[in-house]
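So, here come the structures, one by one.
Each of the next two complexes has chain A plus one other chain: chain B in the first, chain C in the second.
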Partner chain A sequence: MNESRRLERLAERDAVIPVELYGLKRGTVTVLTACCVLFAVFTLIPLAWVIINSTKTQANIFQSFGFWFASPFEFFHTFANLFRDVDGDGTYSNWFLNTVLYAAVGGGGATVLSALGGYGFARYRFTGSQLLFGAVIAGLLVPVTLVAVPLYLVYAKVHLINSIWGMILPSMVSPIGLYLMRTYVTLSIPRELTDAARIDGAGELRIFFKIALPLMVPGLMTVLLLSVVATWNNYILPLIIFSNNNLYPATVGLGLWSQHATTSGDANLYPLLVLGGLVTIIPMIALFALLSRYWRSGLLLGSVAN
Partner chain B sequence: MSLSNTTVAETGQANAAVRKSAPRRSAYARRRGRSGLVFVTPFMIIFTLFMIVPLAYAIDQSLYSTKLIGGTSFSGFANYASVLQSGPFWGGVIRVVIFGAIQIPVMLAIATFFATIFDLGVAKGGRFFRAIYFVPFAVPIVVSSLMWGFLFDPMYGPFNRFMTALGFHNFNWLSSALMLPTIIIIAIWEWTGYNCIILYTALKSVPRDVVEAAILDDTPLWKIVLRIKLPMVRPALIMLVFINMIGAMQLFVEPTILNTYQPGVITDTWTPVIDIYSTSISNGEYQLGAAMAVVLAIIIVAISVASLAFRNRRRELG
Partner chain C sequence: MSAISLENLTKVFSTGVTALAGLSLDVNDGEFAVLVGPSGCGKTTALRMVAGLETITSGTIRFGDQVINGVSPRQRDIAMVFQNYALYPHLTVAENIGFALTNKKIPKGERDRRVRATAATLGIAGLLNRRPAQLSGGQRQRVAMGRAIVREPSVFLMDEPLSNLDAKLRVQMRSEILRVHQSIGTATLYVTHDQVEAMTMGDRVAVLHNGVVQQYAPPRELYRRPANLFVAEFIGSPEMNVYEASVSDDDLVLGSQRLPLGTAGTVLAPYRGRKVLAGIRPEDLELGEAGATLTADVRVVEVLGDELHVFFSIDAPAAGASTLAATVGEAEAGLLAGYAHNGAARLDPRAGVRPGGRVTFRVDTERLHFFDPDTGIAIR
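Moving on, here comes the complex of A and B:
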């Protein structure tokens, strides 16, 4: 564990008032810990079921006890099937790569646009800046679910149905991301710093890239995380704008399989549905674990903005 | 002197003063204003094309009607009149309101309970449990609906077998009577951790010395929580009520996916968003669907505005 992390933990321990001081009855801590365990079990039940059943045959998914393994061990066979088009609906690995593409380019783009825009609104006043920022704030109030159908109507006119850009470009629109970045710049980049650089004769773009951007990294990671997750999990927009199965992201592909699972007969879609669901979750959980330092503060900021 | 002038011009108020005396606004300040525009332009272009334009187009389309004979013509608020008079649409609205009225209080109670426990440190392994509870937030709703669909499946789902073992035969979690409660359970699973973390962060910001003083006065713990801690996080709680209300109004994915496990229960008008989807995409009546979307957007914006007004009023009072 590195030094700053250790100090952080020490500080956290210091901030907590020792439990003994509350004068609790004996056993209270045990009872409350038991409550925590109960809710943790509730939280983990579906995940445990998915992990266990990703190793089973379709027959065993139906017949064997749900919370224990059953032979034969089919995990690798099912995993191999994720790379095949088993029933003509499409190939999971293809859908998964689509998801990665949409989330990376859409989420990355959202982060870049939010960083530039947030910095612009935080540090400059220009004709119409308040009007434009007001429009962005109004955009915060519009739920993404409700933009999907209007987008479809426009796409039908301009031939963006079944285009990956029809999915990627709207994913780059993140009013919340811009708002977060503007707040972040205002709170954490001292004006003296940028002013000093300006006096030294640095250009505006140079000040942004050399001075502001490095200081914005924690805020950027929060926006990146939130917008990647939002695109990764998006269902209604790709559902509406794609009729070509090869362009589906994993969410829409899995939704299609769940419709066909009961009628697919020999295709044995249930094991694929279980394992495909598991594979879709893993990158997101990994991302949260990796960036956990950033999302705590970001979530609070984000929720205040909402 | 020129040096200090430049620095003063950086601050917003000084800039406003400069703007008032327009002739004195330096070429430098104007050039800087232009740089600001350069920074915000990429965002504004994408924002306009993929948010403002579609919304404006949808509002425009909602004022037209297409008839089999006579084609498309301007029909004013005719689509809105049929949305406002549509029993199924408002039935869906009422359903999501009932959903929110049960799900939000139950979830917030659980989230507050655990956030308080974690904040006080009165359970072992708080760090570990906090991480576990947050996991569902990272799971796409499509996948959580699929997982819970398997668990609740009427044919082979383990929860169904469990009920049978308890003596409830032909128990169906996904029947039309139980579908809404089942979705409430799923939504509680999805969102409790997220709400809990936000409340935990809010509780953490309550000054420590306030609590210490109360302890020195021999105040019992439950009183510290109810009288000191919770009142201080009330703004966070109120904000969460509104955020969750807005989420509830948009219920779509869970019923859509569960419909594949128990076909026939989820109708085309089960929730407002399902109604909008089936009207404009499945039935192709996109002008009517656009009008529905506008009505729902107005309801949601009204909730948001109410939350802002509520917050501002509290701020003035405090």
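Moving on, here comes the complex of A and C:
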């Protein structure tokens, strides 16, 4: 196993083509690399700030240099407080678990629906299929903020205000996921495979579950990642539909703390806010690291004939 | 009764393209029938229609005496080998071969037995636990065959199954497929664009062009008695030399040269004083001065070891030359003709023929083929 991995690494090294062969000058490459590094630094600065300041007291957050540590080291103290009901708004742990629930069910549901819908659009032609797919794509272009008011009114009618389903159901709809899966199926599952299964006597459901679905896994992981991240970071929707603090996801909960911290100047909410933010993004970073293998192959597969 | 019979099968795609125009042919029990033709002639479409993967615009497909036009692929009791094998990449060889049996809910014990027996027949028993990605092209081809024969179907369909293999393996798999066919004896419809495959494998071969069957006959007959110009030129390599000629008295006039026809001329009686297309197979030309002869300028000589392919030019226009002149203009066509050859001969490798030289061929006039210049239909 190790041997094959070593060979793989060596092969990768052999496959590297000197930049001159791309028709690029060394100088151009240096400038481009510098731009990339700058951009990386720019995106990583907030993350570094959050990590450093999650260890500080409220006073030090404002008074010490933002990009270096200051004593006392308050990380564990703040961490313990994070899971207490600090000022009567509700607890972070509750919000965090809500986020996990919404993201898992909503993002998972979006993945399942995208798989079914994407396969359907890719493999079956039916009256109005183009129109329907066009409508789905049009859905990509509509920002949630635009539909906030009508959504609220509809939710009020169907009793989804202050219901977890009000958060989960819309999260299960992912136009981009459907679009990606349709493209993925079209490009990476040869029609002959499904034809062969049909001739081998398999029914449509069996073809989907036994032949197509296992081959769709890399694409599905991409969709899962996208939809989980979208639900995890969703702020507007839960803000509109929840008035009960106990149903808040972490985004809205932290938003509430942030409001209180600025208006009431209350004791020590800032360290909690910073650490809460950090804890909220760690699962996403972990998920991305875990699925990045699929994520990459998901984006590339099908673009090159094997 | 035929195992497969196609009657007036027509396919018009929604784009308006007619892929098949009234295809009719039948395949007898145990027969190996080949559909051959250039790409885009409709052969794969025909096969997919027989498989039920393509809708039928009009016409009838029968298996035995049963019309199967509206029957779904899974209920047709067919097996098909695809050009790219279409193996399920995430399943093992055993699972690939046994997939159809699992669908039929055949008990595991029986399924395993049949999968193993099939694998043994094809010499892939040692590969049952591998996945397709771990197999060579030839092995994948065998798995695809195994997946088809394990079902014991009533009809076997093959869509260019050898086209992805290298030349040597292709020859080997050709005889392998025939061996399997002879042992199971299932009616087979085989599609290919390769006329060598068609000639070597088919009991009968249907030559397809523009969605129409040009001739459906045993290989020998296709070669010796082509029904029309298309078949004559399509079958055989190097292809048949065909020239625009005219019939004068008892002679065939090819450019500035005359071939006395003798008895071969009787079929040309209605064409006396008119144009005709005359065809000569490359192997029906040999070096020699006696009898009917043609003098030619040698352009290119290809040494194949066991024979020589001599490409030459004579001053008679090749069939299609007038179309060329109409397209590019007389002067241009003349210029092209100056460089190009318009005929080929297959000679003994010891023949001392050099490019740039002039040779005289003896022509066996009994073996000439004649075609009507307007319809292309063989004159017999």
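We take it that the second predicted complex is superposed on the first by the 243 of 306 C-alpha atoms of A that agree within 3 Å, B and C clash if a C-alpha of one lies under 4 Å from a C-alpha of the other, contacts with A are read in each partner's own complex, and residues count from 1 in each chain.
Operating definition for what follows: contacts are C-beta pairs under 8 Å (C-beta built on N, C-alpha and C of every residue); 3 or more make two chains touch, one makes a residue touch a chain.
Because the structure is a prediction, the values reported are computed rather than measured.
When the shared chain is aligned, chain C comes close enough to touch A:206, but chain B does not. Of the two partner chains, chain B is the only one that A:280 touches; chain C does not reach it.
Contact with chain B, but none with chain C, is seen for A:178 once the two complexes are overlaid on the shared chain.
Using the contact criterion defined above for the overlaid structures, shared-chain residue A:195 touches chain B and also reaches chain C.
When the two complexes are overlaid, the chain among chain B and chain C that reaches more residues of chain A is B. Residues 195, 198-199 of chain A lie at the contact with chain B in one complex and at the contact with chain C in the other. On the chain A side of its complex with chain C, the touching residues are 190, 192-193, 195-203, 206, 211, 214-215. Only residues 15-17, 19, 21-24, 28-29, 32-33, 35-36, 39-40, 42-47, 49-50, 53, 61-63, 65-67, 109, 112-114, 116-117, 119-121, 123-127, 129, 132, 135-136, 139, 141-143, 145-147, 149-154, 157, 169-170, 172-173, 175, 178, 191, 195, 198-199, 204-205, 208, 229, 232-233, 235-236, 240, 250-252, 254-255, 258-259, 261-262, 273-274, 277, 280-281, 284-285, 287-288, 292, 296, 299-300, 303-304, 306 of chain A touch chain B when the two sit together in their complex.
Within the complex formed with chain A, the chain C residues making contact are 51-53, 72-74, 76, 78-80, 82-84, 86, 88-90, 99-100, 103-104, 147, 151.
For chain B in complex with chain A, the touching residues are 3, 6-7, 10-12, 15-16, 19, 32-40, 42-44, 46-47, 49-55, 57-58, 61, 110, 113-114, 117, 120-126, 129, 131-144, 146-151, 155-158, 161, 189, 192-194, 197-198, 201-202, 204, 208, 211-212, 215, 218, 220-221, 224, 236, 239-240, 243, 246, 249-250, 252-253, 256-257, 260-261, 273, 276-277, 280-281, 286, 289-290, 293, 296-297, 300-301, 304-305.
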